[in-house]
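Two complexes come next, and they have one chain in common, chain A, joined by chain B in the first and chain C in the second.
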Partner chain A sequence: MAKHDTPLLDELEKGPWPSFVTDIKRQAEKNPDCWDILGQVELSYKDKITHWKHGGIVGVFGYGGGIVGRYSDVPAQFPGVEHFHTVRVNQPASKYYSTENLRALMALWDKHGSGMTNMHGSTGDIILLGCRTEALEPFFYDLTHEMGQDLGGSGSNLRTPANCLGQSRCEWACYDTEEACHHLTMHYQDEIHRPAFPYKFKFKFSGCANDCVAALARSDFAVIGTWRDNIRIDQAAVKEYIAGNIASNGGAHSGKDWGAFDIQKEVINLCPTECMWMEGDELKIDDSECTRCMHCINVMPRALRPGAEQGASICMGAKAPILDGAQFATLIIPFIKVSADNEFENVIEIIENVWDWWMEVGKNRERVGETMQRVGLPTFIKVMGLDPIPQHVKEPRSNPYVFWDEEEVEGGFERDVDEFRARHAA
Partner chain B sequence: MGYDPANPMADRITDIGPPHYSKFHPPVVAKNKGKWLWHEITQPGVLVHKAESGDECWTVRVGAARLISTELIYEMCDIADAHCDGFLRFTTRNNVEFMVDDKAKVQPLLDDLASRGNKFPVGGTGAGVTNIVHTQGWVHCHTPATDASGVVKAVMDELFDYFTSMKLPAQVRIALACCLNMCGAVHASDIAILGVHRKPPMIDHSRITGVCELPLAISACPLGAVKPAKATVDGKEIKTVKVNNERCMFCGNCYTMCPAMPLADPDGDGIAILVGGKVSNARSAPKFSKLVIPFLPNTPPRWPETVAAVKNILETYAGDAKKYERIGEWAERIGWEKFFEKCNIPFTIKSVDDYRLAYDTWRTTTQFKYTNAIK
Partner chain C sequence: MPTIEHNGNSYNCDEDGFLLNGMDDMNDDWIDYVKGVEGIAELTDEHHKVIDALREYYKKNGIAPMVRILSKTTGFPLKRIYELFPSGPGKGACKMAGLPKPTGCV
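Coming up: the complex of A and B.
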């Protein structure tokens, strides 16, 4: 029995896409508090404004992150959502689940919370949506004891790391993104749960330059798979593509007749470095000119594969616009081996180098990309103990305002103006 | 025994992290990890991955609202138990993937999904529109300028045909963030739907002393529009802040730092549309989304203006771009002046950048195309 009339939301039960309204109504039959979610959202649809109060500091003992407090500003009307805190549960790498695990986790959420979720939050966590304050500790107790699972991050800490599904089901991943993500998540539990940074810090792990987890756009520390030898070519498969026996781009364009596959037009001419050509019926690549953009491999996945000497590029400093405008991550380490064999020791060393510096010089609520902007890339490169290389920039600077250190200039900066005036009248 | 409120630290377990992913891999994935050879999309929403061993992993991808109930998740588990050895996964775009190890198991799975009404639409692959990544909106957030789940539902209803097919020039990634904080990271999406505020914050002088650290509120403003001030509350002079409205760009960061500076408003708030971003490095470098429509009103429950704007851009692109061209690549090839003309979007002063590094976006060449913008 509906507890509130929701004529506006009911409109969202129409149409072919799955309706969250229908779904919440179904949940409300089991947990009547969910009627109040609908009731309050309906009121927002009427008022065209949110009815959630600002913030509210709640959490579980010993953790500074993992729970986001939220209270209704109309609790008398909608007591079921008076407290509506978010619980962030750290997702397993790549977001694979056994139904056994997922059912148990959902049963736990039915027991302690609203029964509504986001699968998943934008950063990657399992978001359990809507918990009363007094239920937080019991939920956390059961989560750790019964499920062997833990909260993710929120606030000025290391946010829950995330990865593309990598080698688990993709032929292009140049390192084990799942293991890297899991290992570093375990290694940095303290940093995930206890905010100690100027602001949030995100790791993301993508297996190749297609970047399915948006590491380059969204993470302070992006590990993006790449290779440094030659693209592996199966010339027999190239011929099959040319003959039209294998669908181009893995069949991704099958919904429209784009005409017969044309390797010159669709692969060679679209190569951004123009490093490919045909010799007879063989595809040739000048790999020394290749920037590993992935286009040719995307179009002919059965004929072309990333090279065998694989690793990753590390880019740093991405963020959305708040505050200083959006930034993509900047290429800092062009190539590094990423391996569980050394427990990712070389990656950890870079992370800690950045953190040590950023925790000292970063301002309150300043993402590392903004700190990098403020001090400048040359300073950041020095902080990282790196030699500047052309790969760090798109192009060299076009202004001549170079900061020279005193010790770099013959005779230093101190001069005698009287001696100068003896030779040059004012 | 469960949690004992009288003794909250008893038996406490902390910092155990997530379960190891390998416990949740379907058997065919566990066996062939790192040994995949190639993949193909055999029909919209259905992928096959071939391993060196000769094994095949067939994946059926279904769309889902991001806001979902435990009841729906139990139903997903029923499906995975019946067809997929009890395993499933979620994608970074909030689709659900059901995997089987034999082609013969695909059709029964598809039939099962289809038998459940419109709860599990199959698609979201290749040169189509995949699920819209989005934020919380009015369902759960304290700073939104618009709703999220509702706008996404309305847009996806209209673009449904592009989710279940692969007839676009390339994949089109749509994302929605309900305010400029961009938890949904729309700043690098082919089409970005962004909630925006248009009124400066109000100042709740009677509360500000109790709930805000004034220096933090002042330093939160990237444009220095928030200044220290004094006000009289109940006959007493208090320290507070004032806002220089001319400098305010409505980012809402002051409200994030100071609950006594709310700026949401039924008429002020609405939606901006940005276009042409991408994350992938394929062919061209990753690009930011560019603002092409500065404001559309909030019109719940179905946001017709936003739905129409998104559909118009998508279909203009679909009719004009070359195979493989992402929306941003298309717009750059034809020129942004042509983009506005072809999409019949009025160009306004709001699309001319006046924020930091704006100069990089100004035209410093005599190369341009004549369009209907030149009278």
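Coming up: the complex of A and C.
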């Protein structure tokens, strides 16, 4: 492929941030097809419109997803991107790698594809950008046979699950997010590879309420770590913070002078439930009023730790705006033990409850969050086999359109108007 | 647009090998052609049952059925559908049946 003039893209080689243009040019020295990526993007910059055709259905035998087909709408001009399919490869939990693994994967991709990647897609996959249809099966063969790795998910199925790095290097993780993510990914391979759902469905696993994988916003099924006993306080370390011997927030605000650490102002007064106070030089917490927001622990990580009785909350139904508006996930299970000891069977039970129901009543391309909205939270709670609790709502309903089941109403719904007229003439 | 030649017939297709004119262009030779490219060794009554179910549903409703409706009407669990059509109900069966290409976030 020939080089193309790319005056607009060349501007993006200036400035301090790593330039994707410079990187693609470097890869183009090795694989000349990449000049056509730059050429087509330059044309899009000029025309202000995408030059990829609509859709694309390609894949590998046995799977109904994992590969996103793409074709250029100007293939004569840019033959190097005539086919430009994206391959989703399932990433390891937390995205820890060895260079050995990455080198092998890149050798494969240089052989079968463009050499361009996205590390990683928003859902978590290793994204391999750009290859031809005829390269898909050979690449898949090598990926599975040589590397022991598999594709990720796409389509109306369980998408590739993802997790925060959890207990691997965070002192706040309330369960093993990596093990949970890995175990459930393996457990549900069938649901990942062969679309069987009304629409897509995502799992995400966060170790605590800081939610570093954004499970609450970006997964249909969010498992977010928490605890239910008391925050563990090291009073000696609290004194060190007050004395200014330990930087607050792990030194996160050291770029600006915010004055000396003031525990009253920065911790106690910011507690959302006002359940903290100083007694002499000791910090006290009324844990029964604590909502485990993580603020005090975030500010004084060396003095405060999550409690010892740990588990997770399960929230469901987050989605982006289409069709009915964006949603964060709704709290469904306030506390559940999440443990590899029972192979996560209590979490699996909840997942299958949702799926059994949603696969039956979910409309075509209706996210579970929309199905929940359509049937209403009370119905959803009921079909999940749960009892409603105050924690299920932020506030009670303000309108009086309350449905009752017939058996809840004395005398039922069958009434005789003549009987009514006997007492109230028309 | 690519044209596919098979057994003396020619078919107008898109890049993914879906019939541009849909079911109007579909015939037994098309089924025979798709069989070759979609990894199907021998065409059985079960294949035809899936194809017929897809065509009937599409003619009536103007869309392809959801996976679980296809499973219900044919009585084949998804696993069986993949055994029949290794690329799955979308890329395999819909292509063979002459239905339009599945769209959306696929």
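Operating definition for what follows: the second predicted complex is superposed on the first by the 424 of 426 C-alpha atoms of A that agree within 3 Å, B and C clash if a C-alpha of one lies under 4 Å from a C-alpha of the other, contacts with A are read in each partner's own complex, and residues count from 1 in each chain.
As a working rule, a contact is a pair of C-beta atoms (placed from the backbone, for glycine too) under 8 Å apart; a residue touches a chain by one contact, two chains touch by 3 or more.
In this text, all values refer to a predicted model and were calculated from it rather than measured experimentally.
A.B. asks: State whether chain B and chain C clash or fit side by side on chain A once the two structures are superposed.
C.D. replies: Verdict on chain A: chain B and chain C fit.
A.B. asks: A:156 in the overlay: touching chain B, chain C, both, or neither? Say first, second, both or neither.
C.D. replies: In the superposed model, A:156 contacts chain C only, not chain B.
A.B. asks: Which of the two partners, first being chain B and second being chain C, lies in contact with A:295: first, second, both, or neither?
C.D. replies: So A:295 only meets chain B here.
A.B. asks: Who does A:247 touch here: chain B (first), chain C (second), both, or neither?
C.D. replies: In the superposed model, A:247 contacts chain B only, not chain C.
A.B. asks: Under the stated touch criterion, which partner chain does A:198 make contact with: chain B (first), chain C (second), both, or neither?
C.D. replies: After superposing on A, A:198 lies in contact with chain C but is clear of chain B.
A.B. asks: Per the overlay, which chain contacts more chain A residues, chain B or chain C?
C.D. replies: Answer, by number of touched residues of chain A: B.
A.B. asks: Identify the partner contact of A:365: answer first if only chain B is touched, second if only chain C is, both if each is, neither if none is.
C.D. replies: The answer is both, since A:365 touches chain B and chain C.
A.B. asks: In the overlay, answer first, second, both or neither for which of chain B and chain C A:57 touches.
C.D. replies: second
A.B. asks: Quick one: is A:104 in contact with chain B, with chain C, with both, or with neither? Answer first, second, both or neither.
C.D. replies: So A:104 meets neither chain B nor chain C here.
A.B. asks: How far apart, in Å, are the nearest Cα atoms of chain B and chain C after the overlay?
C.D. replies: Minimum over all C-alpha pairs: 5 Å.
A.B. asks: Once the two structures are superposed, pull the chain A residues common to the chain B and chain C interfaces.
C.D. replies: Dual-contact residues (chain A): 53-55, 61-63, 190, 364-365.
A.B. asks: Report the residues of chain C in contact with chain A in the complex, numbered from low to high.
C.D. replies: The contact residues of chain C facing chain A are 15-16, 18, 38-39, 63, 66-68, 78-79, 82, 86-91, 95, 101-106.
A.B. asks: Under the stated contact criterion, what part of chain A meets chain C in this complex?
C.D. replies: 53-59, 61-65, 68-69, 71, 83, 133, 154-156, 190, 194-198, 200, 359-360, 364-365
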